[in-house]
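Letters A, B and C mark the chains as written, and numbering starts fresh at 1 in each.
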């Protein structure tokens, strides 16, 4: 896919893409990313001989799809495994099980897409920390590294880097030769985005990409991301712990708890009618500015249990107000929340065959105070 | 906590074994046939055969090592080529003399360095601080055997106050703490040995105390109305583990590295013994001395490690 | 900030471009150079080092007399006697000339082992740090073994067993310095390897070699080099110590440590002359120490 060249002095004019992506292999209906039964257990070494004494079950049997052109948000508390999922998707750490299928082809397998080609198609934007950019390299060189590794000459790579700087709104003559410590947080994050785009990927995984930024800068970067997605035909997986940001930018949302997927569905459905008790509690814990919507007691108490030795059956049962005996005996699977709606929940309440006393019923409302931002949510989704 | 101690002690065993292997291997570094090195030049063919069997030179190297190790563990480090005395006996005799010097030097260095370092840290940027920094740098840059020579020149040659060499009148080798003759001989060597640890401990104390004084809890102490002296006492107590660790290590270094100073002053310690062994190519003594000295160093490191954990609860390496 | 607008229009993008201040960017090395130029102590002693090196290099041309020429008649003469500017040694040789020539061996035995150790230890450390796992354990445990010996003891043991001589001395010293340099390199590499930009480089598809060359080395070389430069002064001290003990340079080669050892006998005859070689060692070691300290301060820029 070729970016249109600059025709005006004021800046690039990127045309919204509405024709098919020539790199598309599987067609419109094929999800860009299919993740099946992803698993990662980190061993803990200890004892006299440094043997494995326990395992941190960071990611356990995670499956989801990402449709072409959508933004899938992944939310959860710290330690739920979302960053590990990001690194597993990018093949930065080896998985202990499961498969990743990109546009119909399995990644890193004999008959599928090779790791190198996958890396041309999927890139990651890291959280803006002091270590996200090499302090010894000027910005241009950091961005140009990817293309150079894939065979571009020095001149071509630098040209690509400069064009990308323009696309993210930084003047290349001014910023190209600068070092990371000479940039502000928002500028560094835009550089991170530019670096991720250098290989012209189709999928961007953003791991807490705006979490370290001030609110106003965060808004700028989010808008830049939406703009780029539209004009470069990208698909996003957006990982964050910030519920509001995820609501703003996502089309669908996936909720994780202690290494497992508990709920997945369209953003409006999740935020206006959350099904899973954990999602309900999570959303209810957002504080409102309206004094009429005071929260009297915390919807979610205590800390998440230890991922080394998670509770049997449903992992949320120790903090769930609706827990029952069957929740300790069987682990719930992801099932449709209601027929016809594209929302899946992993909870015995929604599984008619589970044996839970409330099985087949559905939790109503939002579990907390009234949903906020309904106006913005609907106009935002209309604008996409 | 005791499991940590046990683990740490057990961990020292492979290191000690490795050290012994290195010491054993020294023979093979030497040019020439190892057997020739262990025997005086005029050995008879018979003697050669006996030694061959006894040391197992006709066996493969790992077995030779095990045989050597077995003897070493029971205290038999062979006989000195020069004077046919058991190596272990020679080494232990010399060791006591070296311990006297090292202990005295480290104690003096520590006392002085700690006080000066703390003052330097407290009056940061002041005259004492700059003096301390300068002295530290000079202390680690000066060749200590040259310093010994200069001290000899000043105090023995020019002023004639103190003796230049030896350990006692007429080169006697027993040392008694309360004998002024012996003490006179020890003053210059101890002072010379002091220099490097003084520099290092001063620098460590200064940086450790300065770092602690910078921490927030010191502000809290002051805000509570605590007098400056008490504040300094608190800071010093926090910096102590680090400094004690360095002091222990310096003691270990002095024990192992006293060869230069002892040679200058002809002080009959392990360093002097080592030098003699090198000059006379007395390999059993060379091997034995290095083995004993390095094992002592390993032991000192271990003790310092454990002491640090005991004093500072934060350090509990898994 | 209109959060409801889904497309960023041209005006907003233009606005992003224009609100950026101008700023001159200086490279890392240029900043280090600037900081060094403002440090008088370091500059002064760097000049001293340059002078010592120069004198040693130009020895054949600036030494007043032949350093090897002995003369039984003029043994142990005091300073200023005839043309012996600094006196003569126990074999009648001119001390000044021997001092000038002695710089060569002292500098050589000080610098070469550190350079060798930097190469070998640095490589081992970077490999151990980047690859991690079993390779790391193997290399670091091996290094730990050498740490069980105090440096002088190890140097004396190795060169003593090998029989002395300048080359053996340099080998012994290299082996003394490889473990500490390896440790510093490994620790720095492990730290850098965990940083996000290295992960990003891996995600971009960089090969191990390319990542080490472009991203790791640039950040690791600094601390390792500073540490190694601090070792030079120690190396000079130990090397001259070895020569003093008869384990380094062999007579009649002029060398400061060796001179101290042979002149010692004459301490009652010509005391202060005997101290001169030691003064040379002291000044050289001190200069390297101060310059490396200054270098460390200049390179310690928070970036």
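In this text, a contact is a pair of C-beta atoms (placed from the backbone, for glycine too) under 8 Å apart; a residue touches a chain by one contact, two chains touch by 3 or more.
This one's a predicted model, so the numbers in the text were calculated from it and none came from an experiment.
At the far end from subunit A, in terms of centres built from Cα atoms, lies B. With centres computed from Cα atoms alone, the innermost chain of the structure is C. Rounded to a whole number, the gap between the C-alpha centres of subunit A and subunit C is 49 angstrom. Spacing of subunit B relative to subunit C, judged by their CA centroids, is 25 angstrom.
For this pair, subunit A with subunit B, the centres built from the Cα atoms lie 58 Å apart. Those residues of subunit C that touch subunit A in the complex are listed here as 1, 3-8, 10, 12-14, 16-17, 20, 22-23, 25, 27-28, 195-197, 199-207, 210, 214-215, 218-219, 302-303. Touching subunit C in their complex are the following residues of subunit B: 15-16, 18-19, 22-23, 26-27, 29-31, 137-138, 140-143, 145-147, 149-150, 152-153, 157-158, 164, 252-253, 255-257, 259-260, 263-264, 274-275, 277-279, 283, 286, 290, 293-294, 297-298, 301. By the touch criterion given at the top, residues 10-13, 16, 87, 90, 92, 115-116, 119-120, 123-124, 126-127, 129, 131-138, 142, 145-146, 149-150, 169-171, 174-175, 177-182, 187, 192, 195-196, 198-199, 216, 219-220, 223-224, 226-227, 230, 248, 376, 379-380, 383-384 of subunit A touch subunit C in their complex. Interface residues of subunit C facing subunit B in the complex, by the touch rule stated above, are 144-145, 148-153, 156-158, 160-164, 233-234, 237, 240-241, 244-247, 257, 260, 264, 267-268, 271-272, 274-275, 277-279, 281-282, 285-286, 289-290, 293.
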